[in-house]
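Presented sequentially are two complexes of subunit A, the first with subunit B as partner and the second with subunit C.
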Partner chain A sequence: MNRLPIGIYIPGDTFIHRLDSRIKLLGLFITTAAILLVNSILGYSIMFAFILGIILLSGISMKTALNAINKLLLFFVIVLLMNTFFYSPEKPWFSFWIFTPSTLGLLYGIEIVLRLFLVLIASNILTSTTTPMETTHALESLISPFRYLGLPTGQIAMILSIAIQFIPTLSEETDAIRKTQMARGARFDSKKISEKAAAVLPMVVPIFLSAFKRADDLSVAMEARGYRGAKGRTQKKGTPLQRQDLGALGVIFFICLLQIVLRFSNLTHPWRSRF
Partner chain B sequence: MQEMSVVKKSIITAVCLALCVVLPIAFHAVPNAGSIYLPMHIPVLLCGLICGWQFGLLCGLAGPALSTLFTGMPPAAILPIMMIELAVYGLVSGLMMKLIRSKSTYVDLYISLIIAMLSGRIVAGLARALIFARGNTTIATWTTSYFVTSLPGIIIQLVLIPTIVFALMQAKLIPMRYPQKRA
Partner chain C sequence: MPIELKQVSFTYAPGTVFETIALQEVSFSVEDGEYIGFMGKTGCGKSTLLQLMVGLMQPTRGQILVDGRDINGRGYNRGELRKKVGMVFQYPEIQLFETTVEKDVAFGLKHSGLSSSEIADNVRWAIETVGLDFEKTRSVSPFSLSGGEKRRVAIAGILAAKPKILILDEPIAGLDPMGRDAFLDLTRKLNADGTTIIMVSHNADALAENAHRVIVLEAGRLALDRNVKDAFKDVALIEKLGVGVSQARVIANLLSKCGFHAEPDIIRYAELQPLLLSTAKGGRL
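The block that comes next holds the complex of A and B.
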């Protein structure tokens, strides 16, 4: 538990770090939409160049940016193989039992892997350059228009920020329970999966009891101090968007628009062909 | 049953959200624990059962997102499908607990749990088949990934969740569902 990877966030003072968290979160959504729209070599080249540009601007090393990918290499290989062998029975290289490997399947697999690759790097850049608390505030701000539909956005934001503050506390608590179990003979370091599972499972009920005890204490304290909900809560100061934030949003919108044009235009060009 | 205040339900939801991040890390000692033991499902189902469908829905939607934000797991590519699945768990478990009143807490819990677990898996399978992996999802792959691989997780949920609810009731951390008969 000491290896809790809180703080995927990497402190820095780069252009991307300084951008407003609302713009970064909105930018991730728009970039993901743009990635899903891509269906040509030119489109992928633009997205790769764009993501590379953001990595350079964020000051994150390429190794860190690709960190999320390393953990999923096996997953990518499986996706690629599954698509190659099962996607299409048309024009297969050969046919054996249920396997029909084809060029179409291979291309479709490559397309899925490329999209996942780009989305993963984009979200990795967001988490590396934005603190979880900033992301929560950004989320609160982005969902705030839904309050007109009756959604309690203030309450949701309160729940999220309390949840974030509870993570380190509960993680320490879990660590303490784990050590207690080890003292009683639980074998977390066993090489046998069944023994490891048998060690982990008895931890669950005490973790929940301890967490709910903390929740009870906090709710009693909040109610005793007159807290009756987040409705009408105000912020000490607003954070207006800067010129650089609007500029960044403009660039992201332009990239998305470019992908829409590339996808739906009837122009024929070798670069626009799908592989 | 004495109703919990909105503040208490909110804090319990926050704690369940935090457990969506912490519990999978605790299970991390076991290889492939995420897909076999489904640790993130437990707080979401509990949140729905204890706090109601609105809070369960929020926990199901935000739990995986928060975990991705803090630990990078589940990966962003799997996140949407997992958010849908867990949101249905939270929503349906809360709705069922509201609708079913058999005068036995165990019966209410088990019926709600089983319906929620089935609904979540069906909706996730449909979402996969119609949106996220169109053309690549078959009944066989759905059954394997949602029932066979995760069978230990399903058994653990069915055993642990009612136990946890009763332990919380006994500890007076949540109100009893039905008033106890006095001897």
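The block that comes next holds the complex of A and C.
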């Protein structure tokens, strides 16, 4: 592990780290909704300032926060080009074969890229400041109302938390298997496609075997401790929401409201980026 | 000189919050035909060091030379290194994946450039060397074998390449006493045939009985590098480093504390036995 994976939890003790995970997850949904509502330069400025504020509060370095973007640069460029060239047949700069590049398309492309950029950074902050377990608990509590619709929320939560807990174990095991196979002469660094394909089997078989074995062991261990399905399971009482949690939620709601007002009023007319 | 480490340092995830220094300026060399025991508390950097020595990771600073050539240098052929140095990881049985024992053992030889008859010879030799019946096990699925047999097949898969240097990471962990003794006999036999053995183990008895030299790591630094007698003689130092001495040494120590004459270089059972017998015959026990 010489390069940090994107969105890995970075321990800390900042305001954002301490915030209740349910609020953070809900906040991410609301922020995403707000980002999708934005359609003016003023609106984007507010969102940028908001996200920047959260990054500063969370104590995450800019480099880590922007980590999520680096790998997607090519994707962004493609989105931009596709929109510029195909979005609108109206008022094109020129027209060639199927290409109709236009200012409208370019602006639309920029808008999509900006929105993706903001959503990605916001979710990166969530996962960087929240342990996977906390995120699962938050998800569990957010989907719990759906049990009245017959959704087995307890089981979904159990599956999610087991899956998340096993990610580090399985990735460690994958690494160990890769190394043992390499040490006895397997070639994973080969550039030939045929050799690359042949190298998959010695990885996949042991990984599946160990995953099944672990699943088997875990189910026995769970049964031995009296697990009889997720129905009717009680929860260890979590911490109630604190004042700062509600405050943070209030701020996010306010931002979202602001975006709604900006979008559906003509207040911002002079700055509107769309025609 | 077969293996030489020069001021090797290694840091995990440098420049991030997860930065961990695993090794600091470790230097030592290994001669042909040696049997080296590697000890140290959990997390002292042993496994990291072994992985550096087989080129699975690259040192942050420092050089590792095998037969005088830097294994991380430009243009060094990793394939050659894999042929020279074999590595048995902890719980090597995770590497099994083929449908038959024979195919699994032969897997590592695919890229070795050997002819198919040479490969067949090596595979038969390796399976027999780890103490399995070649004819009986060759076409059996490795997954139908017992835990101890699986480990033997996995080790055969590494021996089949006939490495000149064999590196073993805790190979006897989890084996029953019979399996452990059989495995240690195997390492001794390979060593007698000229294979250099480097073995990590927490089992001081196994090292005292087999190794020529003991190297101890502590918190990523080389803490001790002596021949096996001198290493286990210094009980206080060994215990300070968080590893144990052999049972024979412990008993000899107790005897000398009780006023019996016990040489300080008794580290093996065979050396302790005459002392115990003569003490008992003297009627003083």
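Throughout what follows, the second predicted complex is superposed on the first by the 247 of 275 C-alpha atoms of A that agree within 3 Å, B and C clash if a C-alpha of one lies under 4 Å from a C-alpha of the other, contacts with A are read in each partner's own complex, and residues count from 1 in each chain.
FYI, a contact is a pair of C-beta atoms (placed from the backbone, for glycine too) under 8 Å apart; a residue touches a chain by one contact, two chains touch by 3 or more.
Since this is a predicted model, take the numbers as computed values, not measurements.
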| item | value |
| --- | --- |
| Touched partner set for A:L160, first subunit B, second subunit C, both or neither | first |
| Partner chain(s) touched by A:P11 [first = subunit B, second = subunit C, both, neither] | second |
| Touched partner set for A:A215, first subunit B, second subunit C, both or neither | first |
| First (subunit B), second (subunit C), both or neither touched by A:V205 | both |
| Residue contacts on subunit A - larger count, subunit B or subunit C | B |
| Subunit B versus subunit C as contact partner of A:Q181, first or second or both or neither | second |
| First, second, both or neither for A:I252, with subunit B first and subunit C second | neither |
| Contact residues of subunit A, present in both the subunit B and the subunit C interface | 1, 4, 201, 205, 209 |
| Subunit C to subunit A touching residues, read off their complex | 12-14, 16-18, 51, 54, 56, 78-79, 82-83, 86-87, 89, 92, 94-97, 107-112, 143, 157-158, 161 |
| Touching residues (chain side subunit B, partner subunit A) in the complex | 5-8, 10-15, 17-19, 21-23, 25-27, 29-31, 33, 37, 42, 46, 58, 62, 66, 68-72, 75-77, 135-136, 152, 156, 160, 163-164, 167-168, 171, 173-174 |
| Sites on subunit A touched by subunit C in the complex | 1-4, 10-11, 173, 176-177, 179-187, 189, 201-202, 205-206, 209-210 |
| Parts of subunit A lying in touch with subunit B, wherever the complex brings them together | 1, 4-6, 8, 67-68, 71-72, 75, 82-83, 86-87, 116, 119-120, 123-124, 127, 132, 135, 155-156, 158-160, 162-164, 166-167, 169-171, 174, 178, 188, 193, 196-197, 199-201, 203-205, 207-209, 211-216, 218-219, 222-223, 227-229 |
